[in-house]
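Both of the next two complexes hold chain A, though its partner changes from chain B to chain C.
Entry: the complex of A and B
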């Protein structure tokens, strides 16, 4: 019994049977009338077949058929939802005023979640070949693009919000990534040496870990607010900084605050990783005549690498989320869409900002895991 | 270290530095024009109306041969005001009432100044000149505080003005007001001032207080009757009111300060290009309360792009070709 696949099927089924599939609203601000998955028309058949495939896979685990059935099930549910949403919106928007909107309902989100869980069931069964994962992702991407182009998915409220903001959207995504990466770079450059220093000296450890821990507890908005005044005073006093683009509002306070938040995971993991190195290995290195620097670079850091990269990964995912708050210091990123959506009380605009942020966080996680595996020396990886 | 590990490290560092080095392009949407006038950096507040007014200023300047930099939706009032005074942006639309109450709170102004459109404008113009900021023609649209109630409720209870509402409350009528913390706390022009002027008092059980100042949320709550709400704090030019079927109660005693939007520009920029005043004045003069409500509605309710809405308004009314 493949429990993961079973859970995926159950979640998707619950979403389809019990929860609303779409919501027809008179305009983008007010709630409206919900409709069930039956509005998806013929795609309900695809959904049922896919769920059956997933169910069969759940009760007959192991072997090649299991992997194939799970993949079919996941792709099938995903396609049914994408194309079904398109069909439903086409049908429901007929005869409505042009400002009426069809929003994705809780049921559709649950079905997507179920498909994701089902997809994970396949991941554990198959060999973790990057080609297969990439092919799977590409297939899902193709289904989505096809649904947008020909399936009517472009009529969904979320897609309509995107169309209005399309000129702004990709630059905002780019700015978001740049902000996160700048802060991550500074976090690594500052954090790893600090972590190493903490391993040498007991007092330093207490201070460093304590201070970075306290910084982490400061609410993000408060930290941003506290940075604006000194930074603007600094930039007025030192004109050269203004030339560099360091001002009281905008990127500078955002990057400083984000770097501070990145410190704790990086520092702590570096400290734990390096101090946790097997003393026997260090002894052997000493016996071989290595000096301090050689011990650090050839023994301690390679052995600590998995933990350090893990710290960077934690910091990256954290930073992608906190970056959205830096809008309050005048920085531009996906948070702009989220807070405008909140200000207008338009839920689909909030989603337009939040969903890409989530995707970015997941991408950061996956990329850094892969990078971590590549950077870990072969001997350590085993 | 092994070659593969080193290679991976080099790639990582290059990636990190490369992407970071791209720097940020904080809204540098520069337009080139044949003339060498400018560049003028246009900012705005982050709300719907701010976006529309900012895009209008941008469109007018572009059409009149200026090179512009689009930094609209700069941030909240504090952020955008700081950007103007520090020279990061050159112009943005601010409210007379906001300036009087937030930028010059300690100033002794004659009583009755804030509730008069002309006098509050003259006062802020004079006060801000000391900061090197000039105020251009304000729009005759009073975006001040208001109390909005669902249309059906107003009709059944026969309430049209705040005085009607006050007597309804005093007679024991069911009321639940959704408002921001700021509105509830401000003694001079918030809820306490309304209660004092109209002679009623709301109990804490008749209030739902939100910590943010958002009229979109308060109006949505009153329209849907969330938690029993049947009255909302609103702003005069909110675009959602018609869409949510809410009506604004008339402020018959004129207790609130006047909040009229006007372009605020750095004095040195205006001195260099005095024609900016002649370009923007007629546009702002034409923006009445109803027109501004309509424009806000197009962005908030219909979800249109503020730049498109601004351009359509300017073309329809003959301000740009």
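Entry: the complex of A and C
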């Protein structure tokens, strides 16, 4: 019995059976009438077949059939939801005013979540090559694009929000990435040396780990607020900084705050990684005549690299999320869409900001995990 | 020549090393020994400045070690420690190449060196070069550790219990190989151990320490025969006579063995045995095959079933074995003599219990230290 696959199937099934699939609303702001998965028309059949495939895979785990069935189930549910949403919106919007909207319902989200869990079950069975992962992602992307182009998915409210905001959507994504990367870079440049320093001196360790830990507990919004005043003062006092664009409002406080948040994971993992190096190896390095720099670059860092990268990964995923909050300090990124959506009570606009943020976080996670594996020395790999 | 002059090391109020003076001639193995906390490791680590002496001077060939930059000084020693400390992210070959790389050798020379070092310590380079430390057994790791220490051909080796982390059987094997290596390489070796058997087996000179003070600095024979005080006497233990046998190789005590080739007649066997009841039986190329009891002989060609066949590795000892190991084997087998064979299991002679008794009687003086003597 493959419990993970079974959970995936059950979640998707519950979503389909109990929760609303779509919601037809007179306009983008007011609530409307919910409809069941039956509005998906013929795609219900695809959904049922896919769930059956997943169920068979869950009951009879192991072997190549299992992997194939799980993949079929996951891709099938995903396709059925994408195309089913398109079919539903086409059908429901017929005869409605142009401002009427069809929103994705909780049931559809649950089915997507179930498909993801099912796909995760397949991952453990199949040999996991980057090629396969990429091929799988490309397949899902193709299904989504096709549904948008021909399946009527472009009529769904979320897609319509995108069309309205398409002019500033991609720049906001770009700004989001740039801001996160900047803070992450500063976090690494500061955090790794701080972590190294902590391994050399007990007192420093207490202070560095303590302070970065405390920063982590300060609420993000409060930290941004606290930064506005000193940065404004700094900007006024030093004209050169003002010319660089450093002010109390905007990118500067966002970068500073995000850098501070990145510190804890980076510092802590660097500290743990470097101090975890076998003392015998260090004694040998010392006794064989390596100087401090050689010990660091030839012994400590190569051995600590996987843990350091893991800290960077944690920080990256954390920052992608917190970056949305820096909108309150005047920075521009995907958070803009989320907070405008909150202000207008427009749930689909919130999603337009939130979904790409989640995708970015997942991308950061996947890339940095791969980098961590690549940097793990062959001799210490499991 | 390494010379320590009035060397002391103080940690706060405690004197870890108290006025140590001795010198180690070139090409000798000097073993530092004593109970834990006696300062033997500290002494070793002062020589490559992992620990700086509080007072006193250490010179190598007349040059004060404090006048040499630390890294340069350390690269000039081979350094091997009990926990080995191989770098887990480097292959065996790269581990061996660490010091040569620090010294700026070119790649080809480093690779060649790794191959010859692995061969030297008895590991097949083809099989081991590409392995990672975690794929090695304890004994293999220790060998690689020694190979790494020898890689840059340093004149002096500093070894801190380099065979400490392996089982007793493998340890003896490593010790034998160390003796063989040292006969070839003639390094100056400072070797720390807490195992007096290991010290007696390997040392040209033993420095026995207690509470940071040198108790006696002598050859193993002198130490065994004339312990300087009660501490040394007790530390050596009650089996001093047996320990002395560790220093004597079997081939130095060996006598001719009665032998007959398979297929020779019963008369030939009787003639070979002479007054004895037994004779060793060899194949035509001299390989030891077993022995036979002359009482079992009938006339003519002796029957094959008269021979007690046995694995040569079981019933003989190698010519380079210590007398103590030979004695131990004899007692274990219940024999009054044991065959000695060369590396190809060819019979070269035998050692008898009587011979060993005579050897021991010659030098045993039963030195009894006076009670209360320090």
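One rule holds in what follows: the second predicted complex is superposed on the first by the 381 of 382 C-alpha atoms of A that agree within 3 Å, B and C clash if a C-alpha of one lies under 4 Å from a C-alpha of the other, contacts with A are read in each partner's own complex, and residues count from 1 in each chain.
Please note the rule applied: a contact is a pair of C-beta atoms (placed from the backbone, for glycine too) under 8 Å apart; a residue touches a chain by one contact, two chains touch by 3 or more.
Quick caveat: nothing in here was measured; it's all calculated off a predicted structure.
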Looking at the overlay, does A:299 come into contact with chain B only (first), chain C only (second), both, or neither?
-> second
Using the touch definition from the top, say if A:19 reaches chain B (first), chain C (second), both or neither.
-> neither
With the two structures laid over each other on chain A, which partner does A:29 touch: chain B (first), chain C (second), both, or neither?
-> first
Name the contact category of A:182: first (chain B only), second (chain C only), both, or neither.
-> first
Between chain B and chain C, more extensive residue contact with chain A | B
Determine, under the contact definition given at the top, whether A:106 touches first (chain B), second (chain C), both, or neither.
-> neither
Using the touch definition from the top, say if A:247 reaches chain B (first), chain C (second), both or neither.
-> first
Between chain B (first) and chain C (second), which, if any, makes contact with A:10: first, second, both or neither?
-> neither
Touching A:377, do we find chain B (first), chain C (second), both, or neither?
-> both
What part of chain A is shared between its chain B contacts and its chain C contacts?
-> 298, 302, 377-378
What residues of chain C sit close enough to touch chain A in their complex?
-> 48, 50, 70-77, 79, 81, 83-91, 98-99, 102, 132-134, 148, 158
Chain B partner contacts - residues on chain A that touch it in the complex | 27-31, 98-99, 101, 160-161, 164-165, 167, 171, 174-175, 177-179, 181-182, 184-185, 188, 228, 232, 236, 245, 247-251, 297-298, 302, 327-332, 336, 339-340, 342-346, 371, 374-378
Chain A residues within the chain C interface of the complex | 278, 280-291, 294, 298-299, 302-303, 377-380
In their complex, what parts of chain B are in touch with chain A?
-> 1-2, 4-5, 8-9, 12, 16-17, 19-20, 22-27, 46-48, 73-76, 79, 82-83, 86, 88, 214, 216-217, 219-220, 223-224, 240, 243-244, 300-305
